[in-house]
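Report on the structure given below.
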Amino acid sequence: MRLGEVLGSWPLVKQLREGDPLGLGKAAQSGASVRLQPRIASADTVAQSICPFCAVGCAQLAYVKDGKVIQVEGDPASPISRGRLCPKGAASKNMHDGPLREYKVKYRRPYGTHWEELELDQAMDMIADRIVETRNATWQETTEDGAPAHRTLGIGNLGGATLDNEENYLMKKLLTALGIVQVENQARI
Amino acid sequence: MTDLAQPTGSPAAWPDTYGDEAKPRMGFFTDTSICIGCKACEVACKEWNLIPEDGLVWTGESYDNTSSLNANTWRHVTFVEQRKQMHLDPIDVESGDVATATREGGPQPLRWLMESDVCKHCTHAGCLDVCPTGALFRTEFGTVVVQEDVCNGCGYCVPACPFGVIDRRHLPRQAEDAPLLMDLLGKKEDGRVWKCTLCYDRLKGGHEPACAKACPTNSIQFGELDELRERAGKRLEKLQAERWNGARLYGHDAGDGVGGFGAFFLLLDEPEVYGLPPDPVVPTAHLPRLWKSTALAAAAMFVGLAAAFVGGGE
Amino acid sequence: MTDRRAIDEHRSMENGRPGGTTPWRGSITELGTQMDSYYGRPIVKEPVWAPEVPFYFWTGGIAGAASVLHGLARLSRNHELAKRALVVGAIADTASPLLLIMDLGRPERFLHMMRMFKVTSPMSVGSWILLVSGGASNTAAALELLDPLPVVHKLRPVKWLAELVSFLAGPPLATYTGALIANTAIPVWSEARDELPWLFGASAASSAGAAIAMVTAPEHAGPARRAAVGGSAAALALTFAMEKRLGFVGEVYKEGDARRYGRIAKAATAAGAGLIALRGGRSRAATVLGGALVLGGELALRWSVFRAGFQSAADPKYTVVPQKQRVAERGGGSST
Amino acid sequence: MPGLGTSFGRGGATDHQQDLQNADVITIMGSNMAENHPVGFQWVMEARERGATVVHVDPRFTRTSAMATKHVGIRAGTDIAYLGGIVNYILSNDRHFEEYVKHFTNARVIVGEPFADTEDADGLFSGWDPEQSEYDVTTWQYDGTKVHAAAGKRGKGFAPGEGETEPGGGEPPAEDWTLQDPRCVFQILKRHYARYTPERVAEICGCSVEDFLWHCEELCRNSGRERTGSICYAVGWTQHTVGVQIIRTAAIIQLLLGNIGRPGGMILALRGHASIQGSTDIPTLYDLLPGYLTHPQTKDYGSLAAYVRATTPSNGFYGNADAYMVSLMKAWWGPNATEENDWCFDYLPRVDEDNSVYWTVGQMLEGNVKGYIIAGENPAIGSANGRAQRLALGRLEWLVVRDLVEIESASFWYDSPEVESGEVSPETIGTEVFFMPASSHLEKDGSFTNTQRLLQWHFRAVEPREDARSELWFYYQLGKKIQERLKDSEDPKDRPIQQLRWNYPTSGELEEPSAEAVLQEINGWDDRGQALASYTLLKADGSTSCGCWIYCGVYAGGTNMAARRVPHWEQAYVALQWGWAWPSNRHLIYNRASADPEGKPWSERKRLVWWDSEQAKWVGYDTPDFEADKPPSFRPQPDAHGPDAIGGDKPFIMQADGLGWLYAPQGLVDGPLPTHYEPHESPFDNPLYDQRANPARLQNDLAEDPSNPVAGEGGSDEYPYVVTTYRLTEHHTAGGMTRFTPYLSELQPQMFVEVHPDLAAERGLEHGGWATIVTARSAIEARVMVTDRMRPVTVAGKVHHQVGLPYHWGQRGLTTGGAANDLAHMTIEPNVNIQEVKAFTCDIRPGRRPRGPKLTELVAGKRAAAYAKRDGAERAEPESERWT
């Protein structure tokens, strides 16, 4: 770079040359500020989503770059939320990649005093085994007074209000077929 | 500079220094009469601007645990509970007389003020004027922004803000390439000053600021300042017709001590109740006179010292 | 923050927010009804400046006034005095920028001070003055000390020029710091805008005079002694005048650090100046003792003013009351 | 759900949130909408700006109250008294919308002789059986016929094979259009609420007569042809031992004022979880099958058809329930479900009267439940009586917890108040715990059903990291593994698993099943595999398959309607092209009622759906919730069944009689009409009747769940204050998604208790200090917030204080604190088995709670003192059914 250019890029010189004597405006603007763009402009993809907290059902847009969510904000097109979010909805990304989010299976053996590591697939096998065993051990074909039962009261399942309809459907379908009837969530309204 | 002495309502370096690049002056109108105090603005701001968490301190000051605008909080929702009527006299919603019950031995009057405070983006901004490095500057949108790549943390802007908005960040500095050999001089703290940028980057991309976009009830309104001022005037008339207790505009007047705010408010009580100065004046309004007096003082010192040489022999 | 320890560390960090539970003990609604500032929290922020700053005000003052004394001494052919004044000034001029850089949040960026020149910013103007004055006085001092070497003789014109520049930069260097703090929203500084540059100027004269007198033989140090005594008298007078005129806003000088340092300043300055005035002409020891007292007094003065600013920001009443008075005088509802 | 379901026919909110902007008066009660549904609240603000009156009735002055035209403070748990007073005001001043009431409600229907009202039996309805401590609901039936409700406990009063009696035509045989017959619903209603006078209301609820009358007048003056009003509620109503009946009272008001089915006229049930509506539509609930079909009980119905008859109305659209049911069985067991094997009806396990979550907790405590899976819920602090919940988890053999973070339900075995107090320790807890990291909503495809019955699709933004997986993945892969293990079994009990349709396309390395494929199965298809467009196409002959009949049409034409996102500015305000609302994309249900009996709009201002005689069909801004071509003049044949049995002037097409039910002859177990009862725990007697609390409420005998002594018993003075628990804007439910999130934790960083200054003075509490709140179950500590917002109420001339407790905190997360639910009891509402956490009694004292064993001592000591004072036995004989 030639000296002239160096001097020319010196805000002090700009200030005098470019009509900003007080140096309060453009002369003070740094190169980075000139080039500044919103980071969502650099997103690879934008996923249409829905807020996971309450049931108002605010529409969200999730901006993704290099396989990471870089921003979540309201979708103005929604007739319900019109792009607006409450503090929880606005914190969706903070919840999604929060400091205490867990990513590994944790196992605690009976009477154990600490968590142990466990491979996901092994955990799935162990859970499947537990369900089959407990179901066999607690199966009830009929009630004491001979009424049909076809069920186990030895296993229960709790949850659903925060899950997707499709997830609830598979949950209900599988557990009903297994004869597990204590399928509940707190949607008791 | 003299125009600083008599506020003109138009920023000193805008739009002229930007020529064709100049954009209409953008700002906020925060209408506290429809603020539900949800703090979505605080969170949306932090998410967008990647601002660090500001500490987990329960204050007991109603529902406000953020306490103030500072380097790590650029939107701050204030909460004030009062034994006051929301509306002065009977308001006439066709027949509904709000005050009746209260007058006839109903419950104590009670209202809960909530207001989302933010940098005022003053027409004449103390922080901007006193910044020695030009880190603070007036953007093409007429807003006041700190450039994190320039600020050297001299801290002059902090006491220069009549609203106590801008502040130095004391949290640990994030890894970033410091200039060659300058690491020796580096400090552990971030050390730079931060405040609302009115989402300068979003504006450049044609998006509205994060807080205004998130605001569920549109209490935070973003737009061209002139249009906002007009809207605010109409809004005040409506509220006064409805006898809202203490409704007033704050910072919309181009004739005030900072030449009007770029982000102004509709309040329901005196400004100081919300932690706002009743009559803010930009420090540099007095600067011309101050410079004169400084020059005189300098001269006086010179004369005084000279006097020390005359008389007294040796 | 991934574990509680980190959180607790963070919580304990002084990160710009007053924090803590409000001391109120009644219904928070009652407080909200009667409060005339938001839970008593500050409106304007306390400065973030560290102790380097008042020390700089002091060294900067010494540097500025010393350059002037040096120049005047040259004119009055008092080369003994001039030489010592030049060195004292140069030392102060070297300490000053170091103190300023140490105070920066990003010291490695000190050069950004030279990025622009802003008349609206006393700190910007001051930085340039300091650059010029410091450069000049140090050049002059270096050449003065190297003068015995014949090679340096060729550079005498440079030396004279440097001395001239430092001479001219002296007065503004000694006084601009008053303008710097007066040009803020801190009530006790801003309201004192008519006194502070004068006060700092006087203080500079007295402390420079004292410093130079201490290192100069009494027979040559007359002007320095007179500068110390006169400056001290002026500084004391201006302090009283300022505190009196400030009235309500000036009450912070009756509280805490501002009061403590203020009393030290007045006592030490008066005692030191008196000692120099009465005995300085004859006794070197008296000059050294008196000079030290004056220097200490002037440093305490800067500290008193510095701390007063913090106290003035911490209590919102100093911001609210005068402003409400203004509004009342204008006879208007506040900015509606 | 049954509150709305028995009244109108469907358990969902009757309208969409945006329509609130068209309301002339909005009553928010049992809800803190501004705080818990802030973005939905924008529509209330729109209405307010348009001049609508907004009234907030609540024990606390909240951020909602701050926005309302007026806040009316009442005593927690007195909602029915307040609403009943409004009913009385309407009826005694003839302010009801007469034409609407006559034509669209069952006001004119004559009720059978056996019915006796609470007025006659001092707080009990006819049919009360003190032995069983439950009602014989058949005594509440219409005169000359026996109808089914469209929701609620529908088997009740019907023998396994028995169906509705058949005069046919769905027309109740006995009616009086003059509404004068003393046994017609209208007159019964009048008599039932006669004693709910304004003075009585003020005395019970502790509000001022003036405020109450002002509210009544606002409601009445905004009813009729030109104006409408809306009511918004949430769990502030449901979480009571009379929760369903509170909602019923609101339904009665809205029917009398002629608001239901009309623009700006609704009951908006504000759900608190993203898919809480969806999780009842596709129920993860023990007593329901998808689409609100009753889950068969341990009775011998004989056949699927007989079971359908015994559990659903034969008229209206439930008349086709056999088609919905058979299609469901086809969706689950596909080709294996045949007419010959009665569509695998016997594959369905049978449920008892009560297998609800609280019953299960009792079973866990007694060691009868061995295994438990928790997915996205946190019972350890989110359910009533946290201590009992945690002890119950500790008595399982194995437990699976799926969540984003390590919630209290996963860490109970080493980090809980019981571990701290030394009651239990890891060494004494035998539960094997699997913590499985879950996917966030940004890591999976799927649909949520929001509070207005709108299905909205969300797309995966990124892949989940490491072991994190969706529930879709978990249950699908789990099913695969179980099928694998049982594939060779000869045991008939394994056949339902072996034959289960369980093949969904998967994708990616994670083998995530396709949510869209699941949605297609939910929507259903015909015998040619074509996606069905509407539930009206479902058949009982096995030719159609449908996983949830009310969702049929969400995949109409092979497109995912839930994923539609036509911007609101490109369509009318009803926004029919955004997502998809059940049923059949109808946003304002029962909208036939927006037109008068002749099919003409009641007024231009409130026009929505009307009969166009030219085109001979119903037209308007919304999808008509009515057979499009059924004219207003249509009258059913005497022997008609199903939809054909519903006249052209009957908007409530799910109901047996097509009418809005002011009086519910069936479906509810605790009364056909709402009646004020005190909460299970209350310091007050019932001023209306000797019957203090809901007689049908379900209590238990668990040692872990003792009750505080109540009014009338000695020792109630040990727990003199009423607690109400709630959420804050800044947190979500038990905090699993927010207490672990920095940006939200810093906004509300600590558990606190809200009290009025007078109570603070009474108990020596200091603002900013600490307080300990004690019940017979437990004690927790909280920072004290002294505020006028906790308005005291004057009940029966005596000032009464209430204590406010947010329930977001627990042991884990960035901010921790006492869990309010630890204080609550497990006595539950009889229709939906929900806990009563909005009103129970407590004591509050200054200072932090004792640590270690001293905590147990404090609670037990106080309980012993209270019980000692209690007359007679250690524990008074319970007056109602017990579920253990």
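Letters are used for the chains, namely A, B, C and D, taken in the order the chains are written, and counting of residues starts over at 1 for each.
Simple rule for what comes next: a residue touches a chain if its C-beta (ideal position, glycine included) is under 8 Å from a C-beta of that chain, and two chains touch if they have at least 3 such contacts.
Note that the structure is a prediction, hence the values are computed from the model and not measured.
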Maximum centroid distance from chain B, chain identifier (CA atoms): D
Which chain lies at the heart of the structure, taking centres as C-alpha averages? A
Set A-C beside C-D; more C-beta pairs touch across C-D
Separation of chain A from chain C, taking each centre as the mean of its C-alpha atoms, in whole Å: 54
Please work out the Cα centroid separation of chain C and chain D, and write it as a whole number of Å. 70
List the centre-to-centre spacing of chain A and chain D in whole Å, with centres computed as mean CA coordinates. 26
Roughly how far is chain B from chain D, going centre to centre by Cα mean, in whole Å? 45
Overlap residues in chain D, where contacts from two or more other chains coincide: 38-39, 42, 729-730, 742-744, 747, 767-768, 783, 785, 787-789, 814
Mind pulling the residue numbers of chain A that touch at least two other chains? 11, 22-24, 27-28, 72, 76, 84-87, 89-91, 93-94, 99-100
Among the residues of chain C, pick out those that touch two or more other chains and give their numbers. 1, 7, 21-22, 24, 28-30, 115-116, 118-120
Could you please specify the touching residues of chain D with respect to chain C in the complex? 742, 756-757, 760, 766-768, 783, 785-789, 814
Write out the stretch or stretches of chain C touching chain A in their complex. 1-2, 114-120
Complex contacts: residues of chain A adjacent to chain C: 10-12, 15, 22-24, 27-28, 99-100
Seen from chain B, its contact residues with chain C in the complex are 1, 4, 53-62, 66-68, 70-73, 78, 80-84, 110, 113, 126, 129-135, 150-156, 158-171, 178-179, 182-183, 185-187, 189-193, 248-251, 253, 256, 270-281, 283-284, 286-287, 289-291, 293-302, 304-309, 312-314
Under the touch definition given earlier, write down the residues of chain C that touch chain B in their complex. 1, 7, 10-11, 13-22, 24, 28-30, 32-33, 35-39, 41-49, 65, 68-69, 72-73, 75-76, 78, 101, 103-110, 112-113, 115-116, 118-124, 127, 170-172, 174-176, 178-180, 182-186, 189-190, 193-194, 197-198, 200-202, 204-205, 209, 219-220, 222-224, 226-227, 230-231, 234, 309, 313, 316, 319-320, 323-324, 326-327, 333-336
